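Two complexes follow with chain A in common, the first pairing it with chain B and the second with chain C.
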Partner chain A sequence: MLYLQILINGILLGGLYACIAVGFSLVWGVLNVINILHGSFIVLGAYLAFFAYTGLGVHPYLFAPIAALPLFILGYAVQLVVINKVIEAPVLVTMTATFGLTLLLDNLMLVAFQANFRKVSLSPPLGIIDLSDTFPALDLIVPVDRLASMLFALLFVGLLYLLLRRTAVGRAIVAVRMDRYAATLMGVNTEKVFAVTFALGAALAGAAGALLSPIFPISPLAGTAYLGKAFVICVLGGLGSVSGALVGGLVLGILESFGALFFGPEHSLTLSFTVLILFLLVRPNGIMGKRGFV
Partner chain B sequence: MKRPPVMMIGFGLLALAIVALPFAATNYLLRLTTIGFMYVALASSWNIVGGFTGYPSFGTADFFGIGAYASGILRSSGAFPLPLSWLLGAAAATVFSLMVGPAILRLRGHYFAVASLVLAAVLREITNAATGLTGGGMGLNLPTTGTISVDAQARLYYASMLAAALIAVGVATLIWRSRWGWAMRCVEQNEDAATVLGVNTLATKIVAFAASAGTAGLVGAIYATWIGYIDPTDAFDDLLSVKPIVMAFIGGVGTIFGPVAGAIVFLVLEEFVWRNVLNFHAGILGIIIVALLIFMPGGLRNVARGIERFFTAGRTGHIDKVVPPAVPS
Partner chain C sequence: MSLRNLRPVVSAVPGASHLRIAVLAAVSVLMAPGSMTCGYTAELPIRIGAPLPLTGALSPEGVKLQQGYELWKDTVNATGGIAVGTVKRPIEIVYYDYQSATPKAVQLAEKLATDDKVDFMFSPFGSGASKAASTVSERYGIPTLAPTASSSEVYDQGYKNLFGTFTSNDTLSEPMADIVKAKAPNAKRVAILARNDLYPLALGQEFEKSSKKRGLEVVYFEKYAINTLDHASALTEIKAAKPDWIIATGYINDMILIRKQMADLGIKAQIVTMINAPAYQEFIDATGPLADNVTSATWWHPAVRYESKDAFGSSAKYTEMFQKKFNALPDFTNATGSSVGVVLQMAIEQAGSVDRDKVRETLAKGGFDTFFGPLSFNSVGQAVSYVPPVFQIQKGKPVVIYPDVIKGGELQLGVR
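Entry: the complex of A and B
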């Protein structure tokens, strides 16, 4: 029963992780840029949700789509002003450039929000669902706030999937991801697609930040931790696809939950990194990745 | 190659100034130059991997921190004299690079870059958790250098960092001129072609990684005893990985003296920022990094071209220059 409970915890966490990673994965896959800013975008989204809840009383779950909007604009601007200038450069340049932007954004947040940890404490708290009430055989609990975060996170991931599948912009993004030269020849405005993709990545980071604000503490310098998770998820699941982020997120969530049981929660990153390295050596394109299609 | 006499005189004057400085300068200037030597050493160390083999390493902090912690732990045990603990710190970093290198050096491009970056976070987590050995998040206080005066200590670390810088530049030069250096340039140009030509690319990359680790580890070890206190966020700071890259960019990646010149320019820039905007220095540093990358893609020589590009073709850049995504090996 313990293992089943941990599995549930892992799945609840995994849905949220999928939402954290999907924007990062999209930007990496389409722009071929590793966006170190992604972690800081998540933290910014969490702060916006925190102030919306404490100041205006807007519930973080309802606020998530609203948090996505300013981050969409910010992402679009960052792409136009900085990333587009270096997008043809090697990975070293693009990564260092986004690192420089991260220094700037983190410092701005540090000055604006101060360094203390904060957390959205929902009142009244959402409580837990005790499964043994309905099924006496199952001695399991499900925390409602985590469940809600996961469901909303999956909703956003699903919306992105629909966007990529059904809309003209989405088809253009997928086309650029498959072959940016061929897409240009087919009349796709690559520049615009890059900007929209980066903005979408930022928007999803903002939404994910709002969703995790009731669960995890927020601090201006927590971005790196989320970035590490996003990277591990992307590579585990396979780069640049929604299904890959979903699978990778669930795998990481379950891995971290069981890792916390066997090795202690303080080793979660070490464990996932070790698994990642072993995994990369065996299957470099991820669980859902197709070979040669990166 | 015969060098022009002006250059020889210049080098002579520079050497004289370096020797004379500890006896003439204020402690502030001495400290600044010591940091300068540290930057020169780190930039040259990074350049062996990032410049010679062209692998986008964000791993300088990994080696720096390992060197710092290894020598710190050895010093705390009290059994080791200063120079020996430094050398053992460098050795620990090299051994570490030989352990992780064969795994992560098989990755290419973006995968290698992020793996080396995440490695620093992993090491932070491990040092935080191993409280018995490293003091965990409380950090590690190192014993003082002994009974010598503060001025003598400043001179000691000045000389030690200078030695580290000379060693790093020397190792880089030796590798550059050797067969290994040739192989590294082949890897940088085209790794697959190098393999076809019979270059053992993995071994070449491991040699570069180990040389970089040893020199960065030495710097970390000296730094730890100099400052007297290390903690995980300080010793494995991501900035330690990024600063050498920026320095090498300023001076010219993949050359011997480019990183040296870049380190000095960067030091001046950074000191200017530190002094004037203390609580927003990281932000300004970020702006400087981004501006450097946009306006000076080829280092100091290409400032004018960078500005021109910004105003003309710089929108997305030309599509024909966009590098297609790399397939990981």
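Entry: the complex of A and C
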């Protein structure tokens, strides 16, 4: 029963991880930009959700698509004003550019929101599903807010999948992801595709922040932890694919949960980074490999 | 703002021209009417170096400490400054942000000692950084007050210049264990989850000792890594171990997450003790009803009642003055920031000099009646002279449950 509970914990955590990573993976895969800003975008989304809930009473789950909108605009602007200028430069340059922007955004948030830790404390709380109530043999617990956050995250990921498969913009993104020069020859405006993709990545981060706001404490500098997870997930799952982020997130969640059980909670982070190094050595394209974006 | 305040800024500008320095000097003179009207510009200020984590993971604590320093400084400067013999000398605190990175704190302590040539120093935040930076003060013989170093390991190097206002970690675990033993006689099984970090881990180990000493069985003891985003596995194991008393140590973000995940897994226990977070209002705000009946211990609390011979007069007056300045109740981190100030001030005033050797001797003698509590230090420099209060969050408010003289209620059992 203990193992089953740990598995449930791992799957729920994995769902949250997938939601953290999918925007990061999209940007990295399509633009070849390692967007260090991603973690801070998530934090910004979480703050927006926090203030929407405490100030206006808007539930974070309803607010998630609304949080995505300002982040989309911010992402579009950042890409247009900064990233586009250095998009042709080696990956280290764009990484440094986004790193600089992260310092700026983090410190602006520090000034605006102060360093206090906050959290959306849902009232009434969503509570837990105790499976032993219905099946006395199953002593298992499922926290409803984690489950709901995970399901909403999956919904957003599903919408992204549809967008990439069914719309002209989406197909353009996939085309640029596969071969940007061929896409240019086919009449795709790559600059615009880059800007839209970056903005989409930011929007997903904003929505993720709102979904995570009832779960993790919010502070202006929490972004680094999310970014670290996003990195590992992308390498595990395979870069730049929706399914890769999903699989990577779930694998990391389950791995960390069982790692904490078998090796002690102090080693779960070590374990995930050890697996990261192993994957880089043995299977650098990740579990899902590197194919077309979807 | 005086020109001295600007010095680190000026020196940080590469290639700053003479013109720029002249302009800054002119501006600083123009901006200093406040200090002139106080009439102490004739006396040189007493300069204290304070490396603080104003940005980075520890920034909430860094800001709180700074508020404590500032309240003390402003209160004393409003009366003309610290009385050194027959003259009053204003206080000047030279701050540097070490960005929550301990090695940087040590570098900046070195800079404060050699470049800024401060008279005295306040340690950086926490046991680890205080210990690391204490080497610098020892090398240059600068008496240094540590506001937030409680682990006895900080004081085991035989240094003469370090004085800490926090009593050792076992003064938090021992009274708590006594209360559990007395009020919850059925509690037999203890689970401890400690952050793998100098102070929280040392504290966890003290709780383990205090529990075992009283015949309680420690059924779970694990460490979790710094920056852990998920405690579900550890808590699932704790739940399976069926403890009566759950103890978690760490900082506020860890405690918020652990408390939330305990509820996520339906964990119930007679007693839940968390240190440090519940002393902060932010913990109560962030966890809501989950904060109820969580116990904690801390070195100072607005409910304590000490009469003092320092710049504040009493704990109650301190609380009042803090509220007036910052529009919030002071917590123990704010208070300890002010406590190192008043102790240093009393030592200088008693010594009648800012001579480091004399001040060090006076500090070592102890016997300071402060709003933070009576302060005297043991032979290695750690405070040993007061009893830290134990408290419990009851209906969203912290209630002191120990010691008896300041107690506001009894321990309530049951956390769900």
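We take it that the second predicted complex is superposed on the first by the 283 of 294 C-alpha atoms of A that agree within 3 Å, B and C clash if a C-alpha of one lies under 4 Å from a C-alpha of the other, contacts with A are read in each partner's own complex, and residues count from 1 in each chain.
Criterion: contacts are C-beta pairs under 8 Å (C-beta built on N, C-alpha and C of every residue); 3 or more make two chains touch, one makes a residue touch a chain.
The model shown is predicted, which means the values in this text are computed figures rather than measured ones.
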* Asked: Looking at the overlay, what does A:Ala89 touch: chain B (first), chain C (second), both, or neither?
  -> first
* For A:Gly100, is the partner it touches chain B (first), chain C (second), both, or none of the two (neither)? -> first
* To do: Based on the superposed arrangement, let me know which partner A:Val235 touches: chain B (first), chain C (second), both, or neither?
  => first
* Asked: So, A:Leu2: does it touch chain B (first), chain C (second), both, or neither?
  -> second
* To do: Using the superposition on chain A described above, determine whether A:His267 touches chain B (first), chain C (second), both, or neither.
  => both
* Touching A:Phe194, do we find chain B (first), chain C (second), both, or neither? -> first
* Asked: Counting only touches as set out at the top, which of chain B and chain C does A:Thr134 meet: first, second, both, neither?
  -> neither
* Give one of first, second, both or neither to describe whether A:Phe117 is in contact with chain B, with chain C, with both, or with none. => second
* Structure fact -> Shared chain A footprint, chain B vs chain C, residue numbers 107, 225, 228, 264, 266-270
* **chain C-facing residues of chain A, complex** => 2, 5-6, 9, 12-13, 107, 110, 114-119, 121, 123, 125, 128, 130, 141, 143, 145-146, 215-217, 219, 221-222, 225, 228-229, 256-261, 264-270
* In the complex of these two chains, what residues of chain C are touching chain A? -> 55-57, 59-60, 62-63, 193, 196, 222-225, 227-234, 236-237, 240, 252-253, 256-257, 260-261, 263-266, 282, 285-290
* Structure fact -> The residues of chain B that touch chain A in their complex are 50, 56, 58, 103-104, 106-107, 109-111, 113-115, 117-119, 121-122, 125-126, 128-129, 238-239, 242, 245-246, 249, 279-283, 285-290, 293-294, 297, 310, 314-319, 321-329
* To do: Would you mind writing out the residues of chain A in touch with chain B in their complex?
  => 28-29, 32, 34, 82, 84-93, 95-97, 99-108, 111, 180-181, 184, 190-191, 194, 224-225, 228, 231-232, 235, 264, 266-270, 273, 276-277, 280-281, 284-285, 292, 294
